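Several structures are given next for inspection.
One chain, chain A, appears in both complexes that follow, with chain B as partner in the first and chain C in the second.
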Partner chain A sequence: MVSSCYITFPTTFFAIRAESVLKNQPYSFKMVPVPRSISSSCGTALRCSCEDISALKNILLQNDLELEGFYRLEESGLKTPVATTLDLDH
Partner chain B sequence: MRDRVFIIIAGAVVGLLAVILVLQGNPANMGFCIACFIRDISGALGLHRAGVVQYLRPEIIGLVLGSFVTALYVREFKATGGSSPVLRFFLGMLMMAGALIFLGCPLRMVLRLAGGDWNAMVALPGYVLGVWFGTLFLRRGYTLGRSQEQAPVNGYAGPFMAIVLLILLVTAPAFIFFSEEGPGSMSAPLFLTLGAGLLVGILAQRTRLCTMGAIRDLILFKDYHLFLGFVAIFVVAMIGNLFTGQFAPGFAEQPVAHIDHLWNFSGMTVVGLAAVLAGGCPMRQLILTGEGQSDALITVLGMAGGAAFMHNFGLAGSPAGVSPAGQWIVIISLVVLFIIGAANTRLLAAGKNKEKAKAS
Partner chain C sequence: MNKKLNLYFDNAATSWPKPEAVYGAAERQMREACGNPGRSGHTRTLEADRLIYRTREAIGRLFNIPDPARVVFAYNATDALNIVIKGFLEKGDHVLYTAMDHNSVLRPLGRLRRDQLITTTIIPCSFQGFPDLEYLESAYQPNTRLLVINHASNVTGTIAPLKEMIDSAHKRGVKVLVDTAQTAGVLPIDVQNDHIDFLAFTGHKGLLGPTGTGGLYVSPGNDLKPLREGGTGSQSELDIHPESMPERLEAGTMNSAGLAGLLEGINFIFDVGIKEIQESELKLRKYLYAKLQSMKSLTLYGPSDSNQAVAVISFSIENTDCGEIGYILESSYGILCRTGLHCAPLAHQAMGTFPEGTVRLSPGFFTREEDIDHLVHAINEIIRFTTG
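After this line comes the complex of A and B, so read on.
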């Protein structure tokens, strides 16, 4: 079982901004297509470790970015991934 | 992992079905061609009178209905819209204009390549360039604005139109045009074409298969998820063509193709840029239509209008090549796309505001 967390954005613009804002921060993350189990729309999401998601959220909000949602995704091989919405007081 | 396996399977099924459809009667290297098929539907409805490309293509009907039924079943059907509809109509028109210069949508470009039509090899870098231009706008904040939730009837409009087309196809009333010769007269049997459309509609809805997203995500984020689907279509179609003797490598005398390299290249640049600005390739627009997005339906209607425009004014490419007027359309399309891109880009607008603030 692998679990990772995701931040989604209202438009691709904010996803790209997020990438540049976080580039020099000491957190590891990757920009990926929004996982299918989170949404059927084809936006871009930020994948990070679940320990870092609150810190990343704060940095992004301080930089005036618009964020859409926060999710935890449990993946295990070929089974359907389970997505849960995180409440980070956004 | 699971998503990756699914996108590869979806791509492989599209490639395989494309080969089967051609074997069973579709025009060569045209197992699936969203632009060509929408153009045929446009002709069947009498919106243009190019006698050789008129047919109510069941593949298109199947794609919309397959996506619709799946989206309903998994509760992802949601009526949304209202994000710059007029501009989306134009983007659909321009996407079709570029595709009819090259003679194929991005999906057919991959299928032509898999059939040995090397003209598609010229078009592919053009398409990538178009998508790259699009990512320049995305990086600077291009957006057509958020779509809003709408009354459900807006979302049902697309699937309803698909059902009406299906009824017209089956009943074949006298006012519908069906080609008696040329590509429009060639089609695999109805159960196969409709079934293939439905199956791909289901798979594409589940996986978000998109020939534009494949290139865009590679350029923007070095993410190759959607690209795997793109490659799977090519590999399976090519193997299928090799096994069934349909692989005929070369530039000259390819089916429904011409050898005007510059216009093959730039036609697909138009399609790539228009697809990024519209948020999806022609196939993806049909899938989103099935999911209830009226913005996508507007884009599809723009494509149908674009096909009529291209054929009524003799602008579309043909095996003889691209007419001077068609060449102008490519240039005009690129200019219009850059204007639409720049006009909807936040940073450019923000820069202007700053200048204004400084001036005052």
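After this line comes the complex of A and C, so read on.
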């Protein structure tokens, strides 16, 4: 089962700012439309590997970004992915 | 009569020509990259969002604004000034502004005053356009909350003593709104070093971008009440407009084609260097001022020391209607300038040119000395003709 993780943002500004802040960091990520199973304020989310999501979150917070949510999506065949809200503080 | 030229001396109204890249970027944005910024997530939309972000960063770099979230885009300086004036002031506030201020400041303040929400005091200005700093010191009231400063006059070019005025206001805890319509892209401006609370800029003058672009800087800790709410592409399920900057003060589809052009205008300024632009405009003003100064029956307004002004010069000719001068300059010589009151009636009262107005000449970065020679020749002929 493949899973990927997502960070969502309260506004488009912060989505694009996140991309800009992270572009020189050694992590791979992609800006994607927010998956339907995640409800989010802003239409663009950041998709990354679940191993990296904590590190990315920390970098973004250090840069004063406002973030909205953190999710893991399980891809299982054709079924709608299941989004789990991640509590990254623990 | 001379061969008709096409000489543009109205850069204080809007700059022309624009750097070539400005035209191309605006067109490309519409032709190839058009996606509605902020709406849905396809790649064109994302590209439009990135472009707007880069333009915010460029404005940030130009004015030394560390956080691009504090850069808000608006239609023009007028819009930005309205956003601050109507979003910051509250019932019972007192506001100071100067006689050199533009109608885009006088009128929104006038409305709030007529609606009995605020009271105001005008800082008088000298004949040359300098605000009376002693008067300013005595004008504060316990409820004074805002001082509005026109960084440079669009009538005389006079540069306001920004530092002294801001220091004076801040000593009393009064916030400062600076109108940089005539100075952005022409004079170095540093919101941190200059301690500017609110800055309004327009994109189509010194920043060399398209019309319909402009915006403001809002310093941290000053959250303005939004004047309009609407679509932002975020928090769509709520009927609450986002609270966080910059979307807090932006609603509706952004002018991405205009901002694409504006970005190239600012990039042009970075490439040339703001110091170089400032020097080149100073040289043109000195050159033009000296030539006009030597003409009889012509009255010049504004500072005689060009170091105290941007490249704007107002004049009038004895017993001659300034509108007539403008008409002859265009119809007989192909020279474009502006005549009349220039949207700053109090400035004209300070200079004694109300209500007749003046002829305003504003060279720009692309003006050449030989253009000024043609202009001066034309004015000489007009004087000879009108004064017999």
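Please note the rule applied: the second predicted complex is superposed on the first by the 86 of 90 C-alpha atoms of A that agree within 3 Å, B and C clash if a C-alpha of one lies under 4 Å from a C-alpha of the other, contacts with A are read in each partner's own complex, and residues count from 1 in each chain.
One rule holds for everything that comes next: a contact is a pair of C-beta atoms (placed from the backbone, for glycine too) under 8 Å apart; a residue touches a chain by one contact, two chains touch by 3 or more.
Just so it is clear, the structure is predicted and the values come from calculations on it, not from any experiment.
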Task: Which of chain B and chain C A:D64 touches, first, second, both or neither - done: second
Open item on the list: Under the stated touch criterion, which partner chain does A:E75 make contact with: chain B (first), chain C (second), both, or neither?
Closed with: first
Task: Which of chain B and chain C A:S3 touches, first, second, both or neither - done: neither
Open item on the list: By the touch definition at the top of the document, which applies to A:R36: first (chain B), second (chain C), both, or neither?
Closed with: first
TODO: Would you check which partner chain A:S54 touches, where first means chain B only, second means chain C only, and both and neither mean what they say?
DONE: neither
- [ ] Starting from the residues of chain A touching chain B, keep only those that also touch chain C in the other complex, and list them.
- [x] 10-13, 16, 19, 31-33, 42, 44
- [ ] Name, in rising order, each residue of chain A that touches chain C in their complex.
- [x] 9-17, 19-20, 31-34, 39, 41-45, 64, 66
Open item on the list: So in the complex, the part of chain C that touches chain A is made up of which residues?
Closed with: 37-42, 45-46, 49-50, 52-53, 57, 67-69, 232-237, 242, 244-247
- [ ] Can you check the complex and tell me which residues of chain A touch chain B?
- [x] 10-13, 16, 19, 30-33, 35-36, 40, 42, 44, 75, 77-81
TODO: Spell out the part of chain B that touches chain A in their complex, as residue ranges.
DONE: 1-3, 5-6, 71, 76, 138-143, 146, 205-208, 210, 213, 217, 220-221, 223, 225-226, 279-280, 284, 291, 346
